[in-house]
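These are the structures, in structure tokens.
Heads up, the next two complexes both have chain A, just with different partners, chain B and then chain C.
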Partner chain A sequence: MTAYVLRKLLTLPAVVLAVSVLIFLAVRLLPGDPARMMAGPEASSAEVARIHAQLGLGQPLPAQYLAFLAHAASGDLGTSIESHRPVTEELADHAPYTLALGLAAYLLAVGVGVPGGVLAAVKPGGAWDRLFSGFTILCVSLANFWVGLMAMELFAVRLQWLPLMGAGSASHLVLPAITLALAPMGLIGRMTRASMIDVLAQDYIRTARAKGLGPFAVNFRHALRNALAPIITIVGLNLGSVVGGAVVTESVFSWPGLGRLLVDAVGNRDYPVVQGVALAAVVAVTLANLAAELVIAFLDPRLRQGLGDGR
Partner chain B sequence: MAARAALSTGLGRLTDWARWLARHPSVTIGGALVAALLLTSLLAPLIAPAASPLAQDLYHPFAGVSWRHPFGTDALGRDIATRVIYGARYSLLEAGACIALAASIGTLLGLAAGVAGGLADQVLMWLMDVLFAFPGLVLALLVVSLLGPGLVNVLLAISLFSIPVYARLARNQAVALRKADYVEAAVAMGAGLPRIMFRHILPNAAGPILVQCTVSAGSVILMAASLSFLGLGVQPPAPEWGAMMSDGRNYVGAYLLPSLFPGLAITLAVLGFSLLGEGLRGLGDRR
Partner chain C sequence: MASGGTLMATAAGGRTARGSLSVMQTEGPRSMDPANHTATLTAAILRPMYEGLVRPLSHGPPAPLLATSWTAASDALTWTFQLRGGVRFHDGAAMDASAVASSFQRLIDPNAALAGAGKFQPLIGAVAAAGPLTVQFRLKKPYADFLTLLAANQASVVSPAAVRSGRIERVAGGTGPFAFARWASEDYVEQRRNRGYWGPPARAEALRWTWSSEPSVLYMALRTGDADIATPLSPVFARRTAANPALSLAHQSGTAFFWIALNTRLAPFDDVRVRQALNYATDRAALVAGLLGGYGQPAAAPLASVTPFVRPDPEHVRFDPGLARRLLAEAGHARGVRIGVAIQDDDELLAEALQAMWAEVGVDLDIRRLEGGVYAATAFAPPAAKAADGIGGVLSSWSSGVVPDLQLRPLFASASAAPAGANLGFFSDPAIDRLIDAAAGASDLAERGRLYAAAQRDLIAAAPAVLLYTRDDLVGARRGVTGVEVLPGGELMLDGAAAA
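== the complex of A and B ==
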């Protein structure tokens, strides 16, 4: 188990390093002077020279990359061109909002998707299965910004049950969280259903039923446990699309998270901030996938005791 | 007599078709939605109520639903139904261009990696993993922040992050088929790498790749519309659904129609491709 965990942990820096090269090269390989591009068309030549020096653009590329990496490792991701504040400070200011939104959305997605998928798999083709399958495919097809706008119109403007936008209280979180939860809810629901149908066809489920276990014990204790691996994988893999969804959702609801920071930075061509948010997003997604693999390994007694194939 | 026999076999075939479609509701409903999208974009000038999606009528902004304006009018008095109908062209263009680019590059890379094997395979697939580590929309925003907003740049950005899916799919197919007897025979007869890739492996790997194209058409449309909604893709006044909603969001709370109908159109288009893709995948599994 320890060897397995260590081996998995070692893949993390490899991916993050590769991504950092990509992010680093992206801005430097463009035609023209990156400093001029970042400073914008109205900037004075002194401003351009300042950015030029700040990025160390006079040096050869490998030296620039090492400097970039050394700074990043010591927590210095550069300075925002727009706000003149350190990028790490900007990230730290906005991250808690995105974490709260993402966590709420994930709880909702798993809380509805997993039980819904289990119940659908118990009777494939039944009324609940048809209803739930229709609902989940709709969930993955909806444009979240449209759902967000319609929810604002209905619940904030017409019914006035919830605040329109912004952050501040728990009620501000409700509409963005539901909007963001729909797509992963659909995916998790579909994956749970498919995985459960496979497991329910196994012999040991028939045995469990034959020895008189009730449907709850059979479905949730025996079957769901063994259907969990693909569900956890999809939950981990899905973080990437949730991050993407959060960008749009935050923009719709004026939610002051990393997504809105990113969209504003792209609009302002505030490249150090774009770089920082992209790096943070990649690290988060890679960590989530890693966590999913570790949880799966932990749940599988063969892997836990080091008897497994090691995957 | 012969005519009647021909008619009855014709009817028989038709009922066979109808029965098959009734048994596969995903393919039927999805196919109908996709066909509707195709027809709408082809026939846009014929079915649109107004002559142009850009024609303004500043005396009649935010008109309600009427015979003249089935979906109402927007802030500049433009007919929303006409704009939604012409918007179908953008979504098809986005889906078609991105998938053609991503699927051809991805398939090419994946087949080459799978057939060549060894170090080339490992390096290529590792690169794909790195690309895959980016959340799609974040990668697209990164590319757009570098290249600037606009339709072409958004299409390039979306294509870029769609490549790994096709590369992995094609690679796995190629690795599986590489050991097939008929491929070994072709290798033994001295067939070169391109010939093995395109004549022997691609035809047998095409099914799952085409299914993936259908499934990802929906997500491409969603992604492109999201970027236009954020103001980074197709720019106003073009009648693109995401761009229309980017304008319509300013009036949410006061006027619903400008954001209601473009979003409905996006949902139906994406739903069509998702259902069709799911249905086709199901057919492939059963075989």
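== the complex of A and C ==
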């Protein structure tokens, strides 16, 4: 197991490095001139040219990338064009909000999706299954900016149960977390149901039932454990979509996280901030996927063995 | 962290209402440095903390502020300002002639590369202290609207210590009735009443600024009380605000001028008849009614209706599709013509309305909808690039405040042809250039009026652009909020504002 974990960890820098090239290029290849965006419509072309030089945008791309990499390696992600603050400072300011929002949304998604899916699988076609399946379809198909706005109108404006927007207390977290949780909740719920239905049809479940085990022990201890691998994979993979969803959700709820920072930075062509946030997101998603793989390997000795043999 | 923007009604003292006032706008501040931005909504946030030599008024010429009086020498190049005594910056330092001089020297210093310097660098040659409370400006050319320029937020007097600290981008330092308290980026800006203010104290105890780019959120925030004031409202939510008994709507003619620069270097717009035809084919009243819910002014001149010296010409700026068809036929396009116009995402409905209107006279409008960055690059592209992409026009908006020279010069003077300036259609007419120059320098009001009238008449005839409309400034507030002043263009002035 240790060798497996180490090997997996070693691939991390390679992945991050490869993605950093993509991010760097994607940002540079965005059409539009950041110097012009910065200078504003009233600026003269001389002023635009000077800002261009100041940002080093005139340098060839490989030179710009190497400079970026060298600085990044020493923990310097550059300075925001818009706020003139170090990007690392911006990240440190906003990351806690996104972490809190993402974590809350994730707990909610797993906490509702997994038990809901298990119960739906116990009696396929039953009332709960039909209700839950309908709900999960809604979850994955509704656009979260729309859900967010409707939730604000209902719970903050009309019922006044929860604050409308901003951050500051736990109650501020409720609406954005629910909004962000819906899509992964739907996927996790559907995956849990499908995976459980497969497992529940297996012979050893019949054996367990024949032994006289109660429904809770059968469903949650025996079946769920064997159904977990695909669920955890979905949970891990979905972190990417949560990060993406956070961009929209944070903008709608004026939540001061990385998503809102990113939206503003893209609009202003604030290259250093866009790169910084994108890199942070990549590292987070890569780590989450790794964690998911490790958990699966831990749960399933066959997988651990196979990979450990160096296949 | 403070909780989200509910009104904190503190004990009232004195004769004025006290409490915190919260304001929501559609974008956050670009900077805490007034010299390093050009955004109206940033200016509104900075205005309570900074003061200039003169104060803008919603109507009429600027009033004294940090300067109590001023004189212009007979050559109109040397301006001398007497400063108010006993004024201190929030950091405690005295506001005097050397502070004012260094503030303006920094603004016009090309090495400082400040975003707000554009209007001032070409105009101000030198600034120097001529006494402890006397400042002298030497202009490069006579400029009749100099005082109006000095009322702009970019011309605020900044604390020398705040500049030296190197943190003025994040931490404001001025002399205003409110002092900087906190900027939690992507969240809010907080300002507290300046206890040492030289003038009548601000009515509100504190100002809290938040922002959301989602138009419906501004309206929801007004209803929940998260915002006492919200601006700019979109026409849809302005209508609902006006209909809501708990809210009130302030609306006035604005300065956001919409026009389509026509590429005068590219067929078919190298022919003045085609340019005129598009103007006649445009039903401006229908655009204002349909797209702005009536909250706008159909253009009748190349200046906004609130700009001094505007000379509306409804006889020549009118909807006449029959004349448009005749002009197109004369220009050899009786069987129709196809044109490409670059637009931003936000202007899609406007472009589609124009597409339908112009189709009536045989013009096939090819809408090139572009993302913000691409749009900026396309709009400011030089003639060759525009020709290669077939960009016949650029739909754009411009807010000049109330200085006619800041609209006519950047948009229509030969020297402002893109990429150097915002003359996006490369229009060039030496006679109009001379009128613009002469009007900018003319100190006699009647003479300026005559020159600007001539410039506008000639511009309407030469039709370098399709003139569309100006959008009204739409500010929503909760009932009981008083003393909110809105400058033409939508910038809020809140020193006299308070919640009920």
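For this structure, a couple of remarks:
Assume the second predicted complex is superposed on the first by the 261 of 311 C-alpha atoms of A that agree within 3 Å, B and C clash if a C-alpha of one lies under 4 Å from a C-alpha of the other, contacts with A are read in each partner's own complex, and residues count from 1 in each chain.
FYI, contacts are C-beta pairs under 8 Å (C-beta built on N, C-alpha and C of every residue); 3 or more make two chains touch, one makes a residue touch a chain.
The structure presented is a predicted model; accordingly, all values stated were derived computationally and were not measured.
Shared-chain residue A:Val199: touches no atom of chain B or chain C.
After overlaying the two complexes on the shared chain, residue contacts for A:Ala281 are found with chain B alone; chain C is out of touch.
In the superposition on chain A, A:Arg260 contacts chain C only, with no contact to chain B. Of the two partner chains placed by superposition, chain B and chain C are both touched by A:Arg269.
Of the two partner chains, neither chain B nor chain C is touched by A:Ala223.
Look at A:Leu149: by the touch rule set out above, it reaches both chain B and chain C. When the two complexes are overlaid on their common chain A, residue A:His172 makes contact with chain C while staying clear of chain B.
Of the two partner chains, chain C is the only one touched by A:Glu82; chain B is not. Legend: residue contacts after superposition of the two complexes on their common chain; A:Val248 is shown touching chain B, with no touch to chain C.
On chain A, the surface patch touched by chain B in one complex and by chain C in the other comprises residues 30, 145, 149, 152-153, 156-157, 164, 251-252, 263, 267, 269. Those residues of chain A that touch chain B in the complex are listed here as 15, 18-19, 22-23, 26-27, 30, 137-138, 140-147, 149-150, 152-153, 156-157, 164, 239-241, 243-245, 247-248, 251-252, 262-263, 265-267, 269, 271, 274, 277-278, 281-282, 285-286.
The part of chain B that touches chain A in the complex is made up of residues 126-127, 129-130, 133-139, 141-146, 218, 222, 225-226, 229-232, 242, 245, 248-249, 252-253, 256, 259-260, 262-264, 266-267, 270-271, 274-275, 278.
Of all the residues in chain C, the ones that touch chain A in their complex are 1-5, 28, 30-31, 38, 113, 115, 118-119, 169-170, 184-188, 210-214, 216-217, 220-221, 223-224, 226, 371-377, 380, 398, 410, 419-422. Within the complex formed with chain C, the chain A residues making contact are 30-34, 36-45, 47-48, 50-51, 54, 82-85, 90, 93-94, 145, 149, 152-153, 156-157, 160, 163-169, 172, 251-252, 254, 256-257, 260-261, 263-264, 267, 269.
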